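One chain, subunit A, links the two complexes that follow: it is found with subunit B in the first and with subunit C in the second.
Moving on, here comes the complex of A and B:
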């Protein structure tokens, strides 16, 4: 017996009604711009006029959209910090496939199943888990509309929608193109597709990867992937090459990566910076070609890491700005654009914090504490947040970047004198211990989020 | 010893949210390789953080993280974790 629901109708204990929202649901949940503008204006007015305190109407209700590291961690932290609050987690998939460590799955040394987690532990915690897609949000009536026709009322909403691929940003790269040139930047079927392409490539082939401009999910992720693909080629297909076409001239942990590449993968991995013509201006999926201003590159195996934006529901809710990401208050993680909606994880503009699973988990717990305090009529404490991102250059060779962050002048800023990368000059033993730490971190964070 | 403010919060909310910074620790320190902080005497955690901050205690990543916290903040975090059931 679990609390996981599939097609359940969620009861509305408050019996608040909103005819505009009802009409939006009837028209398939994809709101018109007129309705959207009305909702947003009304939401701002309502939020300023009367912050909702759930008294005399039973339990306070928090809805969370998105069951990744952010959403799952937020749900469990709320159960811990505010056990009297009714927590509903809305997540389309019954199985979550984690991105951290999925680069090992791409090179065939980690089963994809090791990346996968369910929601039974959350249900056992008393979290109501609904497997449906959130299709619309009415910030005035405080309801989330679901793909199964139900709707979920809330007093506060936490959005942790992660990323969506921006299918219009790179000419030639649409959803159909991703079956020929996988992105593998949302783990799952795409990860397996890229793995299978690599495995099927004859020795002597060329792998080409493109890296987008900032910001995107997991800043050092492309370079870990490049390292591990080079590691795979060196062992399994030593006459092959990897070309990394980058839209940037600098990147996370760059000196550590480049020192490792020079030592481990000379003649295999070539990184082309923006200044050297690395910017990919378009792709031709039928020909498996990357286009740049300096010429075309044909790939035997292509991996396009495309430009991204906050998950679609963020734009629907009106919490994403023109950049495609979501501005937030760094103390409460409440949206700067729509009151009552908090945004955490990759979708949020979190100042100096990177878009990582560690950051999403840390933000989730800070946000849960803030939401618990707000529902109690109090004022949230200023949080301090930590991030640590590990990258593998090979099996048993790990590096890290860490940071500590506080709200300063309305944004999350890194604490001066703290954080930074692993030392450049270190013995192999240090790299081995960081690889072990990376492994321990993944087990711990996955356990905290999913049980 | 749990700080007075934390106890008050515990009464109001029914469960204690950690002091600022304290929630992030469990991303790594959850019993799979890294030292477990829950139930650990506060003095031990404070001594470790002081050593990491000063550079006198060997570290991979904690030397970088400890520098982001003042001694007072470290003490509050250590005290809170000491009161959590392991």
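Moving on, here comes the complex of A and C:
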């Protein structure tokens, strides 16, 4: 969402003066100083269940849990849309390590530091950043309990907890196993571990990667990673192979990936689909073996992309359903299960929108606008959301998929004819330009979220 | 010919149940769909699957249009002597395909 749309939201509020609350405010002749008290009184008088803004205090309070692309973007957008609101961002780590582009770090051509961001710009914006883990949420008392013993009160809560690895979903794959068979699906130490394993592998080795069923973070991510690992092997260890064991038959940008693989990595990258027996049913970390219903595959370097679910705090808050993900209202991103809590980013069930940094950022801005409106006693506008996912097939070889989404029948649906993928038949300079666009995209979104 | 993956243990204990796993790469076209021109896409499904141990039928299955593409089938068997498991199936084109696996009972 741009500043233009933000202006539209603000000015729209003044034109929407036919609600009970706005009438009460207008007839009182006091539109500013007594605004919140009047809003509350009017709501009580009307017998409506309105959010009581800033009970007993001067300012409305929004707490945000999770300082990734979703949470950081939401915090900054909210400061912009509703400067009078107190914004608290709760994030365990002092440094955020971004997933987009981390596949380049895995193959050693991008320093991990280029993926890392701090929260100084958010603090400078007037956002209170607390480095602690949210351990519990009292949705009735509207408080977030923290690992440091403190608790943060809120009028509205935005959860942007990202993903957690589901350590019980793939037999043999627990937290200890991830030190032998890294997932590298949360950027940071795992990314470095997989990078070092690849670097240490002798030429002639076999890299095996497993891909889980949908849904998971970053739908084209496994295939970008496979491409870049194949690219690395081709250059540095040309007698080596990469085997990709997939629980699916189809995937994002499949034609573009497969055409690229056939051209760039014949004899290096082998993709085994579900219907060819690719589904991994378990792993043996001690032996570095992937098990399928039709045979075992031993890896010199293993990369298990495991099944995932919403970050743990979502389940604690009661906003995750039995799928492990969080059903939301597509207009306000408010949880369908617990009122007053909004969920954005990878943790949310966002209909046709993929779990991507771009989607989290777009949802963050729409959610921030909705929260600002709700705190003011208004009704959020229907958002229009955009996502683009770039993938690299080699260094300097990029492809993309884009989509536009809006709420239809209670879910976020893709606007027909709005998006699409890069053309299948294109010259290398076109792919090169898309790789440059990908780079520019990352700089832009990281700047918007982290300054 | 379609691609078939068959997983049967090479060696089993006499009388002890074991899994027979089968993955058939077949479109299982239901006959209910229409193509871009609005014409019905003809039905093409695996209709019948039979498993024999040497000459004796030990497992049979009728398949229907609601079964998804690339059916993955698992059933249990137990044997008292060594022999050959054969899987035969027929689809709407009448094609009969047979896959076999030798199993040693110890």
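One rule holds in what follows: the second predicted complex is superposed on the first by the 399 of 451 C-alpha atoms of A that agree within 3 Å, B and C clash if a C-alpha of one lies under 4 Å from a C-alpha of the other, contacts with A are read in each partner's own complex, and residues count from 1 in each chain.
Methods note: contacts are C-beta pairs under 8 Å (C-beta built on N, C-alpha and C of every residue); 3 or more make two chains touch, one makes a residue touch a chain.
Note that this is a predicted model, so its numbers are computed, not measured.
Participant: Quick one: on subunit A, after the overlay, do subunit B and subunit C clash, or do they fit? Just give me the call.
Facilitator: fit
Participant: Which partner does A:249 contact after superposing on A: first (subunit B), second (subunit C), both, neither?
Facilitator: second
Participant: According to the stated criteria, A:274 is in contact with first (subunit B), second (subunit C), both, or neither; which is it?
Facilitator: After superposing on A, A:274 lies in contact with subunit C but is clear of subunit B.
Participant: Looking at subunit A, does subunit B or subunit C touch a larger number of its residues?
Facilitator: Counting residues of subunit A touched by each partner, the higher count goes to B.
Participant: Once the structures are superposed on A, label A:439 by its partner contacts, choosing first (subunit B), second (subunit C), both or neither.
Facilitator: first
Participant: For A:294, select first, second, both or neither according to whether it touches subunit B, subunit C, the two together, or no partner.
Facilitator: The second partner, subunit C, only.
Participant: Examine A:116 and indicate which partner it touches, taking first as subunit B and second as subunit C; both and neither are also allowed.
Facilitator: Neither subunit B nor subunit C is touched by A:116.
Participant: Quick check on the superposed model: minimum Cα to Cα separation from subunit B to subunit C, whole Å please.
Facilitator: Least C-alpha distance: 22 Å.
Participant: Go through subunit A and flag every residue that touches subunit B in one model and subunit C in the other.
Facilitator: none
Participant: Tell me, which parts of subunit A touch subunit B in their complex?
Facilitator: The contact residues of subunit A facing subunit B are 77, 80-84, 358, 361-362, 365-366, 368-369, 372-373, 376, 378, 381-386, 388, 400, 402-405, 415, 417-420, 422, 430, 433-434, 436-437, 439-441, 443-445, 447-448.
Participant: Provide the residue numbers of subunit C that touch subunit A in the complex, in ascending order.
Facilitator: Going through subunit C, the ones touching subunit A are 3, 5, 7, 21, 23, 25, 69-70, 72, 74.
Participant: Using the touch definition up top, name the residues of subunit A that touch subunit C in the complex.
Facilitator: So the residues of subunit A touching subunit C come out as 249, 274-277, 293-295.
Participant: Could you list, by residue number, the parts of subunit B that touch subunit A in their complex?
Facilitator: Going by the criterion above, the answer is residues 12-21, 23-34, 60-61, 64-69, 73.
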